[in-house]
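Okay, got some structures for you below.
One chain, chain A, appears in both complexes that follow, with chain B as partner in the first and chain C in the second.
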Partner chain A sequence: MNATQPTTVKLLPIYWLESKMEVLKMWRSPGFAISSLLFPVMFYTFFGLLFTMNADNMSTYLLATYGTFGVIGPALMSFGVGVAVERGQGWFDVKEASPMPASAYIIARIAVSLVFSVAVIMCLFTLGATFGDVKLLQSQWLLLCIVLMLGSLPFCAIGLAMGLSLKSNTAPAVVNLTYLPMSFLSGLWVPINMFPETMQNIAHFLPPFHLAQLALKVIDMDIGGNVWLHFGALLAYGLVFFALAMMAYNKKDKS
Partner chain B sequence: MRWGLLIVILLTAFFTLLPEPEAAAQLPSQNFVIRNVRLFDGDKIHPSTDLLIEGGVIKLIKEKINNRRNFSEIDGDGKTLMPGLVDAHAHVWGDALTQAINAGVTTELDMFSMPQLISPMQQQRDDNKNTAQADVFSATILATAPNGHGTEYGFDIPVLTGPTQAKDFVEQRIKQGADYIKIVYDAPDSPYQFSPSISLETLTELVKQAHIHNKLAVVHIDNLKSAKQAVRAGVDGLIHSFMDAVADDELAQLMQQNHVFFIPTLTVEASLAQVMPDQSLLGDLVLVDYINAEQMASLKAPFMNLGFKPSDLSKAKQSVKKLHRAGITILAGTDAPNPGTAHGISLHEELRLLVEAGLTPLQALKAATSNSHNAFNIGYRGTIAINQPATMVLVDGDPTLDIMRTRHITAIWKNGQWFERVVTKPDNSVTPAISAGLIADFNQQTISTFWGEGIEATNDNVIGGHSTVSVLLNQSEGILNVSGEVKKGFTYPWAGVQFFTTKKPGQAMDLSQLQTLEFRAKGNISTLYVMLFQKGSYQPVVQSITLSKDWQTHSVKLSGFTNADLANVTALTWVASQTLQTFEFAIDDIALR
Partner chain C sequence: MSNQPIFSLTGVCKKYGKKTALDGVDLTIQPGEVLAVLGPNGAGKTTLINLMLGRLSLSDGQISLLGEQPGSLGAKRQTGAMLQVANLPDNLKVKEHIHLFQSYYPAPMPYQQIIDYAGLTDVENTLTKNLSGGQKQRLLFALGICGNPKLLFLDEPSVGMDIEARRGLWQAIRDLRAKGTAIVLTTHYLEEADALSDKVVVINQGKVVTQGTPQQIKAHVSTKVIRFTSETDVGVLSDVADVSQIKSSGKYYELQSSHPVNSLKSLFTLLPDIEDLTVTGAALEDAFLTLTEQTGA
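After this line comes the complex of A and B, so read on.
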């Protein structure tokens, strides 16, 4: 009892401190902060507010899908690119050698991802409410925000797996080449039912599709799939990629 | 940690400030969910879906809608939801628009009305509180030649004598609120020459002017030759199928190339060919409660015999088949309330006839919904889609397979408001049956009758005609002298005397126990028309007798008033009609036996 208690007491401040520093670091690297905030906001402004094809419903629909787009971005970037770059710089090895627990490293990055998610969501909500005439019940606004934030966790796992497997110089390109086409094919940019049938079928295998459907379910605009199916799919993706990340981490240790 | 608190406060404030939907409580009945219904959206069939209607607007169409605000739910299982039907050819006045919606027809395209009558109705169509009547679009006054078709209704309308007047005519119509331009055309060498027509040059110029002002030009034709010339002149749509010949490849090709749509109006063609409305319409127990007396009388009224035979109708149908097969867009229109047709109800008959002509039930439904939506500039009407007013009809069964199911209406909504259909109840206000006896013998000091509300002069002035009449009681002889002139003005001009059985609104006399109407008469005209009026209808049932210069006793069989409801008689008239002439006749000893 006496041996374990002091460590648990000290763990929280470590998490808090590491998270705070990590957020501050990311905030100060404009390449990350601007791209993860700017892209969803810009796209939503163009496609969800300015060039909507049919009035207010489009703005509401796309708020959920660009919200999805907005939260998976920081998750993939913070982990995928962040980890790979720090590995390349040797900073990852320094951290590993430090007495800080490995969990703090992961939690700090999750914190970064969530902080940016909230920022993106607030920007999008403000835009949609102000210029897109989006009106939702209080419970729907909150639930949408929570679904999107929790829904970003599997993408943290995907990002982590990528960050641990990819080389630092190729990581940004590979992550972006995964992030953008996957978003499009999952119906985050244009509603899924505008796709041809085969493309709609492909979407069912992509994780952002399932998160988008959960988000759309909150506003009653999903295609009518089962909640648990979408949830299960996201959970499965999260677990598989976390396992892959662990494998990549162990392999790195041995080499 | 102060930062943490600040963030929490900021987030709470942010989420409290986000806008919520307006309280939908003001219009409770305009918020509802329809479950598991077969949806025909005007174009496609969705075998089973839910719809959410909020504030009269369709907000969601998808399976398994989460009804989180507990709107009332309607079970659509086994039923089909379709757009409110569009009648692409009607003439609207009186309570046409209420008769229409009562049969699920929520939009009527008027093809000739006086602007001062139609314009108030046109203005109501964009008001979403206008939920108890159909919406109307109108051509206002049609374009025709002096004495041409359209001038016979007694309205003083502008006519065209040449192409130079086209520009002014079209601009005037648009100023008066025309939504499209309707033209009457008949080729100079066509097989029928019922009335004078504008020239081809005038037609071409009218179409050109309509297009300059971004309006559609639709043309009334009654034969193949005129149809081809009209299509070549650039018109957007042809009105009426024709019975002189079946449409040929040339017409089909011309219409294809010029994307011309076709409103065959088979219902009125049938009436013109002296085919009575199908028993399925008049005798249908599903429908009969929703047909009022005026509609029923209009449905039963025979069309003036212009020489068409019942067999001619098959040509009109074959033309529809031919043009439909060639890919020409067919629009369902009735030409109500011409004799043999009635607002609303007749569109169901038109759909049946279109299917008989060779359209599938689904194609016929499109003809009454999305085809009109696509052809005419009528907004969302004729479709069901998200973010538009919920104007729709729920029917029992599947009309996309069996067109007769359109008549099994279980609900009608206009702008999301449920429309309570008007039921024509069996009327108990009829006074006891009249027994046999004298109506008038004209031996009193004044023109009086033994029962009823007396005899007085009648002529077509009430409907815009110009006929004259004077009635004089000849006390010495004890007879009634009637004289005057039948003049041009109204289509069916008349002048004579009228006996009112009652004048109380909504009342009628029951003559069903009687056999004949007897009277003595003489006159300088050969034909005297005896007309019987029924409650709720302006259209009389007519019999004619031959007059001679000497007194004769005439006996008119009441059963000879075809299809008249003898239990509901409001008036009997003796008039000179049809032929334009001066007349003089005398009448005496009127009795019912």
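After this line comes the complex of A and C, so read on.
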């Protein structure tokens, strides 16, 4: 009708605004933010710093595994619970009826998850370096941080698939029942080589195990698996769950 | 404006398993027209809206919406929707919500204009969680119009609004319509449909019961409800003139009357002890039930 009106939008400003709003939302509800940081920090303080069972480099080992635990939590929560709650409220329907690009919704939540990851990593690093006598090369600190941050992405995909499929009232329970046992079985709380062999074998099927091994690889404390195998496993998990999420998103006739 | 309709539905059917939610609905709307969709709960109003938004798939029939597929990005950029929402994200300010939604559209409505239309001037910097129910509705309305839509869906827009807010909303709807925006409105309030719409479609059990101007529809739903308390036996009430339906619970009675004056006259002669008497317009849902029975749908 009106030829002078633009018919396209620029994606980058939308990504920026959407992410900014999502981070603001989180920033303004400190209760949720703090509780997400508290678990890994508290666990690491107890088991990594105060009661370091025997080995004297336990603080270093557990820094990598609780770091893993710390970054996958917000990824699963922000997507898994956050999306399910917005669906339950009907707010997701409003977003869906608007021409918001689906990519903006995902990128904004990844941004939140990454902000969380950085916060968790910084807390743990500070604790480890100050009280745990953790001594790493500068390049190792940096690489560990990068591995953990990028490693949270497949868990964003897993969370998204859960958030788009679960009901809002059951989502927190289901996400936690996935998150906590999976973390334990992947050797994030207790070093994997203390497990009986059958349990060690199970761990190979769990994505947090592979991320933890990559993180441990940075500080030369992994059990010696192939880097590319761990990387491939995470990539595969990420792609499969992203595909599942897209199927759930594009499905019409959602209840 | 061209004579191309904003949307047209032809023989639209929607089945959920064996249950038929919509059955052969034909509907069109022109630019600058307000269409009110009325019907009892479960009639298929929400299904109809969701089909047009592309959130449900068609079982049969066709929908053409601004020359696009319902639910496509092209269609979404030219439509706005105010849906029923249990809650909005708490921790964003009104202006932040609006700026974000503006960014989704190629040619958004100017910010100040949105604020004025929606009547949100005093709460631009308020967090959503501190808004009243009516203010939240106004924010949802603002988000619906912020893309300067050619077609606007309003699903029960005035629920939870006080009278002043409702008047404001009505004025905004009239202004938008004057600009050529086509508006689809679902409502429980006959008054609202009456005040705003050019065309009313009444749906029941998935079928269009009747279509027409508000005046034509109102003629069908002129029944009144008479409520009172009395100690007298129910049996007498079947003799009351022009009464179509009688409900009772203890000493409380509710009658539907097509001619309240006649009914009241005979009531007073039959029942000596009437107290707490009220006469009100029939609730729209009741009226629809009568209407559907009449049309035998």
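The criterion applied here is as follows: the second predicted complex is superposed on the first by the 238 of 255 C-alpha atoms of A that agree within 3 Å, B and C clash if a C-alpha of one lies under 4 Å from a C-alpha of the other, contacts with A are read in each partner's own complex, and residues count from 1 in each chain.
To be clear about the criterion, contacts are C-beta pairs under 8 Å (C-beta built on N, C-alpha and C of every residue); 3 or more make two chains touch, one makes a residue touch a chain.
Treat the numbers as computed from the prediction; the structure is a model and nothing was measured.
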Chain B versus chain C as contact partner of A:99, first or second or both or neither: second
First, second, both or neither for A:24, with chain B first and chain C second: second
Contacts of A:14 with chain B and chain C, given as first, second, both or neither: second
Which of chain B and chain C A:91 touches, first, second, both or neither: second
Which of chain B and chain C A:137 touches, first, second, both or neither: first
Which superposed partner A:196 touches (first chain B, second chain C, both, neither): neither
Comparison of chain B and chain C by chain A residues contacted: C
Overlap of chain C and chain B interfaces on chain A (superposed complexes): none
In the complex, chain A residues that touch chain C: 1, 5-9, 13-14, 17-18, 21, 24-25, 28-29, 86, 88-91, 93-94, 96-101, 252-254
Chain A residues within the chain B interface of the complex: 54-57, 118, 122, 125, 129, 134-138, 141-142, 145, 217, 220-224
In the complex with chain A, residue positions of chain C that touch it: 2, 53-57, 71, 73, 76-77, 79-81, 83-92, 96, 99-101, 103-107, 127, 140, 143, 147, 150, 153
Parts of chain B lying in touch with chain A, wherever the complex brings them together: 11, 14-16, 18-22, 52, 59-60, 62-66, 68, 386-387
